[in-house]
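The data blocks that follow each hold one structure.
What follows is chain A paired twice: with chain B in the first complex and chain C in the second.
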Partner chain A sequence: MNNAVFILLTAPFVGAVLAYVLGKVKRELAFWVAEVVGFVLFLASVVLFLKYSDTVIDIDYTWIAYGNLQLPFGIYIDHLSIVMLLVATGLGFLDIHFAHDYMGEDPDQPRYYAKVLFFIGGMILLVITKDLIGAFVGWEFMGLASYLLISFWYYKHSAANAGMQAFLYTRFGDIFILAAIALLMYYVGTVNLVELNKLADAGQIDKTIALVVALFIFMGAIGKSGQFPLYPWLMNAMEGPTTVSALIHGATMVNSGIYIVARLFDFFSYTDALFVVANVAALSAFIGSTSALVQKEIKKILAYSTMSHLSIAFVGLGVGSLAAGMLHLVNHAIFKALLFLSAGAVIYIAHHQKDAWKLGGLIKTAPFVALFMAMGSLSLAGVPPFSGFFSKEMVVAAAWEWGNGFTKTFVTIAALLSIAYITRLWILIFLGEPRHESIGGSVHKPSNLWMRLPLGILAFLTLFISIWQSDIIRYITGGEVVEPHVAGLTAFMLTGMLILFLIVVGLYVKGLNLLYKISSHHFVQTIHQVLFNGYYVEAMITWVSKNIIVGAIAKSARWFDTYVVDYIVNKTVDFTYAVYKIFRAGHSGKIGTYMGQFVLGVAIIVIAILIIVKGL
Partner chain B sequence: MSFIVLIAAGLLVPIFYRSNIFIAKTISFIAFILAMYFIYTHNSLNALFPYFVSDEATRLMEYVLLITLMAVTFSLTGFERPLISQMLFLAGASLALLETNDFFMYIVLFEVIAIISYILVANIRNYYNAEGAIKTFIAGAVASGIILIGFALYSFNTDSFNYVDMNVAGKYTLIAVTIMLAGIFYKLTIVPMHGWAADAYSQINHAAAAILSGVIKSVILVATFKAFYKFMIAYPLASVLIFSFFAIITMTLANFMALWQKRISKILAYSSIAHSGYALIPFAASASLYAYSGVLYYAIAYIFMQTSVFLILNDLRRELGVKYLDDIKGLYKKAPLHSLFFTVQLFSLAGIPLLAGFLSKAVAFYAGVDAGLWVIVLIALLNSALAVGYYVWIIKHIYFDEPREDVERVILISNGSLIGQLILLAGTIYFGIVASNVFDATIQF
Partner chain C sequence: MVGLGIIFAPMFGAALVYFLTRNAQHIAKYIALGWFLVLFFISFYWYKHLPSDGSFLYLGEFLKVPQFAFSLTLQIDALSVAMLLLTAALLVLVVFTSWEEKKQAAYFSLLIFFSGPIFGVFMTTNVLWFFMFWELTLVPMLFLVGIWGAENRIYAAIKFFIYTHVFAMFMFVGFYLLFAQTGVWDLLTIKEALLATPALIWWLMFLGFAAKLPVFPFHTWLPDAHVQAPSSISVLLAGVLLKMGAYGLIRFTVELMPVSTLLFAKWMLIFGLITTLYAGFLAIYERHIKKMVAYSSISHMGLVVVAISTMTYDGLSASLYEMIGHALVISPLFLIAGWLHHKTHTWYMDEMGGIMKKAPYVSAIFILAGMAALGLPGTMGFVGELTIIVSAVKAYGWWIAVIAIAGLISAGYIIWAIRRVIHGPMSEKVAKADFSMHFAEKFALSVFAFLIVYFGINPQPIFDLANKAFSFLGGM
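Then we have the complex of A and B:
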């Protein structure tokens, strides 16, 4: 096996154990182990990028082959995987670096770094495996790591609940992936991702089966990438440390749903499942962007914007443009990591104050953070020349050219609204006067090396990666792409954004009184409530699971369990004891008895064989 | 060469018993590593005598055997030190038994291993040890007599003892083979030849019990399958009947007996007997192409987990005087690392996935289904479900019960034990995830 691949596969898990064990000896060692491992992983990805951009690494390995059971576990690294690897390990490294200060006061650092490395290992496993089984293992590793990291401060009630919620919501999606694997094994006979694309291209799969499988896989992606209706966990996941939100719930893990659809892109396009993908994603984009407008907590605003932007990437895939979707995924990963880490810096500076309405005026104390966050915001809003502009523009254009009316309308609205909520967030944090006494006095100073440097690198990236946008597209798709072009779209988008920008600036900088007046109106308040609670989807899911699943189905099952199953199980105790008493009679502990049984046994065998086989 | 190295080291080691046990362990470690190297270069007994062949499956089993014995050697302390040289002798004899392709050699080496096991149990410190040792010895003597009767009867019928050229068609062959098998069942602790084992395993020194129940049984299992394979193919009906019948009564009786024991060592002894029952399923399924991989996998998985649990119990008895289930209440507070190793290996014995115990059962049962013996496999599955009852019962005592008295000190695991347990744990996990080694090795059979 290739050395770099071997390192990528094993180093995170070895590192996780080392970080934990060494961290228990001396707390600082946990960070340094994680930092070194993170850097080595990034280096390995870069080596793969430099060495294997012409060829594809394709290693076939069979985990278990026995009889007619085959569980393959191959490695397949092409351009798509390398891009994902660079994103995951690069951002992972920066995130670990940033955590030095952010998590610096936490007594549980060994646990933290072990979990983060474990997570990175799961992500790497997902993006380099060739088979759906390996991908599923990586997928579940990430799910587990996400659960463990959201509930990192497990003694906080809200964090523990949020972790559990994330686990249950994503697990609901994962069941469908497992079902998809089973269907593929049974009907198609392969779970090889590359093979599936080839079969789909050749049209050799039954269309109905393929559609069901594709929808099931997309269901898993919905859970993982926070799409409608399984998104509420993503908002509550913000209970975890901000560095975790940045890495897992902003930049990498939530992308895995998009990745799996992109990896099976030919398969999806063959089945018409992309139609469903596009529409669900457009709806999610709309929900995310509108809900982000009214949130109070910094991280929730970012979480809704994550949901909305993941949906925009999904729409790109859904309308048939792999290039647009993946490009937006990469750009989004970078600027969203930047935004989350900046938010982390803000929270660190403001003594863990997360409510945007209680911040304000921080531009004086943290000008660099304000600058970097502004760059991330502009990129997210889609202002040229930042990278977000190009990819978002491409997705919207693709939707206009190939999508239906529903997709077109909602994705455009979502794309336009991003400037409104992110400007609002930035203004609330940095402009005006401090609105709360906690940040009035002393503030934490962000250190240059541990906080400003990673932010600076990310800000630099989000600006300058725009130069290579078409190169990235060509690298991922491996050829020239028909770029969608809609006349006047750019002008329309920019005008719309400018108007929204001016409205937000006007309301939040100059016209706070007007804002209060408007929002005190009953009708506006109702809308505000709906948006603030994420369209009450969480409440609906809770109602259904509480009343129908728990109240009706589970209760009747429990009755059956208590009065039928338990009765039988309890009776087995008496039964086994009766049998035991019979058997015990032969075990006197005397060697003479044993030898008697021995010889008797020999006699029985011999006689039985004589009678049965020889017919004596 | 591997054989010579092991025997030479075995003769050399006793010199250091009184002076420095560390040197003795180092010498045996080097001997094990060298032996593995020579096996790797195909320079084992097959290079010296014509009666031995070494194929890939044998080599795999030999590596596993040597690694396990190495782990046991690391864990030995105190008055168990005489066992070190016996480990080396046992390794030599086992290599010979695994590699032989001659039925006469098989019988002789079987007796050699029996004698080594008598010496192992002769490390007597108290009344219980003595009782266990005497039971082992008497049962062994009776079994030897029975095996020799069968063998004598068989030798009238054949000109050659080579596994390939043996005559299996003679008039008295079936009777002779049946009698021999009955004798060999003593070592495999098949009901009703198991009475001695249930007592002896729990009475003798637990380190010796680890070797007796874990290592020796696995070696005999693989070697017996190879020796009797031709007979099993020649008499399919008889072999299905004999092995299925004994498999069923062995596992059923042992599981029910284990369920109600109070002594931990006794539970483990009966669990060991139950596992012999499962291991007979691929014997019954010898018509299937997967039978050999079933036996080999079972032996490999079993050697790691059974050896490990008895070694941990040995440590616990020495440090804490653990004997009964009540003694291990809240054990994880007193001995966290021991509890962890114990739990993982018990899960493996119970057959929890991703551990060797699961895959070995899966492979063995698959062979049974492949040969059409699904009724027996069904009974075995029910039995494994029953067995989870007592394994989990132990774990429940360790983790979910409060200790009877306050915890004064935490027992740390000694370095030797730690290395030994880590090796065995690595084996259990490795063969629980990577199955291809065993399958590849048994392909040519």
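Then we have the complex of A and C:
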């Protein structure tokens, strides 16, 4: 096996153990182990990038041979994997670096870094495996790691609940992938992702089976990438440390759903499942972007924007443009990591105040963070020349060219609205006067090396990565792609964005009074509530699990078990006891009873004999 | 003679151990540990010397009664050896987990006694001896639960004893009918002489084993017995005694009466499916930590029944893997559940909370074992679940993929349990408790954790054994 591949496979897990063990000896060591391992992983990915520009790594391995079946666990690294590796390890490394200060005061650092490395390891495993089984292993590793990291501060009710929710929501999607593996083994005989694409290209899979399998895999992607209706966990996941949010939303977990669809792109397009992908994603994009408009917490706004932007990437895939979808995934990963880390810096400065309405005026205390966050925001909003502009434009153009009316409308709205919510967020944090005492007086100063450097690198990337944009597209797709071109779209988008920008600036900088007046109106209040609660999807899911699954099914199973099954068991005992009592009555110990029984017995025998004799 | 010795030496030696160590209680556990290690190494020796074609390793014929053509025939194949290795390993670990048990002389003498008949069950092919050993395992268990158990131990011990005994009677009638039909008591000879088996025999056998497994609706003895038993005995109940049911099901239905089994496989499947889902939902509703684990155990045994019902080479291999996986996964959960009750003096999960802060090591193992129970990759639980689902779909078609839901239900109760017990703010009862743990117990838990992960990443050694055990089904 290639050395770099070997390092990528083992280093995160060995590193996780080392970080924990050494961290228990001396707390700082945990960070240094993670830092070194993170850097080594990034180097290994770069080595792969340089060495395998025109070949792929392809290793077959049988993991389990049982009975007549073989379950494979191969390695397959092509350009798509390498891009994902660079994103995961590069952003992962910066995230670890940033955590030096952000998590610096936490006593549980060994645990933190062990989980982070495990998390990155899961993502690496997902993107370099050849088979759906291996992908599922990495997929579930991330599920576990995110669960443990979201509930990192486990002693808080909210964090413990959020972790539980994240695990169960994503698990709900995951069991569909498990079923898909079984169906593929049975109907197609292979779970090899590369092979599946080839079979689909050759048209050798039954279309119905392929459609069911594709939809099952997409269910898994819905869970992991926070699409409708399994998105609420993504928002509550904000209970974890902000560096974890950056890791989940930028480098690793949420990208996995998009990656798996991209990896199986030919398979998906063969089955028309892409139609479902596009429509679900468009709906999610709309939900995410509208809900982001009214949230109060910095991180929740960013979380809804993640949902919305992942959906935009999904729409790109769904309408048939692998290049647009993947490009937006990469760009989003970078600017979202930047935004989350800047938000982390803000929260660090403001002594863990997360409510944007209680911040304000931070531009004076943290001008650099304000600048970096502005760059991330512009990229997210899709303002040229930042990276977000190009990829978002490409997705929207693709949707206009190939998508149906629903997809087209919703993805355009979502793309436009991003400027509104992100501008609102930036204004609330950095402009105006401080609105809360927690940020008056002393503030934490972000250090250059640990906080500003990673932010600077990311900000640089958001500005300049689009220079290599066409190279990236060619690298991923392996050839020239038909770029969708819709006349007048750019002008339309930019005009729309400018109008929204002016409205938001007007309302939040100059017209706060007007804003209060509007929002106190009854009708606006209702809409506000719906959006603020994410369209009540979480409430509905909670209601179903509480009242149907636990309250009805599990409760009636319990009732049945106690009052029917075990009741019969105990009644059998009572019955035996009753029979025993009847017979016991004959054994009273009194001589008279025995005499009576003796006489009765003799009489019965005599009568019996007489009957038999007479009968004869 | 070695075979005969390891069955009967402990049965007679147990009394001796008791009288020797009555006045020096702490020695008993070392004797037990030594003996169980001997058992493990002998089993391992047999494992290394199994015939490569999957046939039986002949150990001898003892206690002959020529008048009735009756004798204690000892021979083992890969399936038996898998069970023997598992039993011996669990017995060794159980000594560590009961390191600080009260009345050690009696306790360990009973454990030593128990090792005799349990080995007999897996080693003999004579059905009458099989039945006698089967019944004899109940005796030490009755006392172990009845004396060292929790508050309601007498009820649980007697319910357990009578319940499984009554159902063993069905099995016994089945054995007798087999004898009446063929005139021999030896399993392998019966198999050759047997032409067609009436449905009655199959159902009698199935009932006997179903109650042991346990299968819905014959499962109600298990939560009671598990809850009241000391944790180490729960480990043996779940790890070994339930496996007797699965072992019997494979030996006496699948291997002995393949035609009838094929005929009734659908019923077996239905029982297995209901058990898996029903027990899963019971576990979701449960507040009592050890009952939750007990229902989880039943739910996983349901999957084993589903795998056995496929009657295919890969399905049975998967079932054997899951049997071993279940034993190793559920044991630490039982141990920790019992330990938590011992420390916090409550059974109810909502009265615990925040254990992580006070006992991080045990919490980590609880989470790991929980993850294995819900089938997370990298653990034995995942491999078992995956192989069972794949082979069940292969045998029954697409619709059986719904058992993937079991993975969601188990996630539900495990994660919720972790939420209530390990995470969350510290409850008053937890804050008051002293969570120190003896080194021996920590060691045993670590061994379990290691095995769960090791065989979860490298499952092939177990599957090699399983493939050998079921190679006679190679064509299916």
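In this section, the second predicted complex is superposed on the first by the 555 of 616 C-alpha atoms of A that agree within 3 Å, B and C clash if a C-alpha of one lies under 4 Å from a C-alpha of the other, contacts with A are read in each partner's own complex, and residues count from 1 in each chain.
As a convention for this text, contacts are C-beta pairs under 8 Å (C-beta built on N, C-alpha and C of every residue); 3 or more make two chains touch, one makes a residue touch a chain.
All of these numbers come straight from a predicted model, not from anything done at the bench.
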{"item": "More chain A residues in contact [chain B versus chain C]", "value": "C"}
{"item": "Touched partner set for A:612, first chain B, second chain C, both or neither", "value": "first"}
{"item": "Partner chain(s) touched by A:594 [first = chain B, second = chain C, both, neither]", "value": "first"}
{"item": "Which superposed partner A:548 touches (first chain B, second chain C, both, neither)", "value": "neither"}
{"item": "Partner chain in contact with A:577 - chain B first, chain C second, else both or neither", "value": "first"}
{"item": "First (chain B), second (chain C), both or neither touched by A:155", "value": "second"}
{"item": "Chain B versus chain C as contact partner of A:168, first or second or both or neither", "value": "second"}
{"item": "Partner chain in contact with A:449 - chain B first, chain C second, else both or neither", "value": "neither"}
{"item": "First, second, both or neither for A:586, with chain B first and chain C second", "value": "first"}
{"item": "Which of chain B and chain C A:561 touches, first, second, both or neither", "value": "second"}
{"item": "Common ground on chain A, meaning residues reached by chain C in one complex and by chain B in the other", "value": "63-67"}
{"item": "Chain B to chain A touching residues, read off their complex", "value": "134-135, 138-139, 142-143, 146, 174-175, 178-179, 181-183, 185-186, 191-193, 195-196, 198-199, 235, 237-238, 241-242, 253, 256-257, 259-260, 290, 293, 359, 363, 366, 370, 386, 433-436, 439"}
{"item": "List of chain A residues in touch with chain C within their complex", "value": "63-69, 71, 133, 136-137, 140-141, 143-144, 147-148, 151, 154-157, 159-161, 163-164, 167-168, 171-172, 174-176, 178-179, 181-183, 185-187, 549-550, 553-555, 557-558, 561, 565-566, 569"}
{"item": "Residues of chain C touching chain A in the complex", "value": "159, 163, 216-217, 219-221, 278, 281-282, 284-286, 312-318, 321, 354, 356-357, 367, 371, 374, 376-378, 382-383, 385-387, 389-394, 397-398, 401-402, 404-405, 407-408, 411-412, 415-416, 418-419, 422-426, 459-460, 463, 466-467, 470, 473-474"}
{"item": "Chain B-facing residues of chain A, complex", "value": "62-67, 576-577, 579-580, 583-584, 586-587, 589, 591, 593-595, 597-602, 605-606, 608-610, 612-614"}
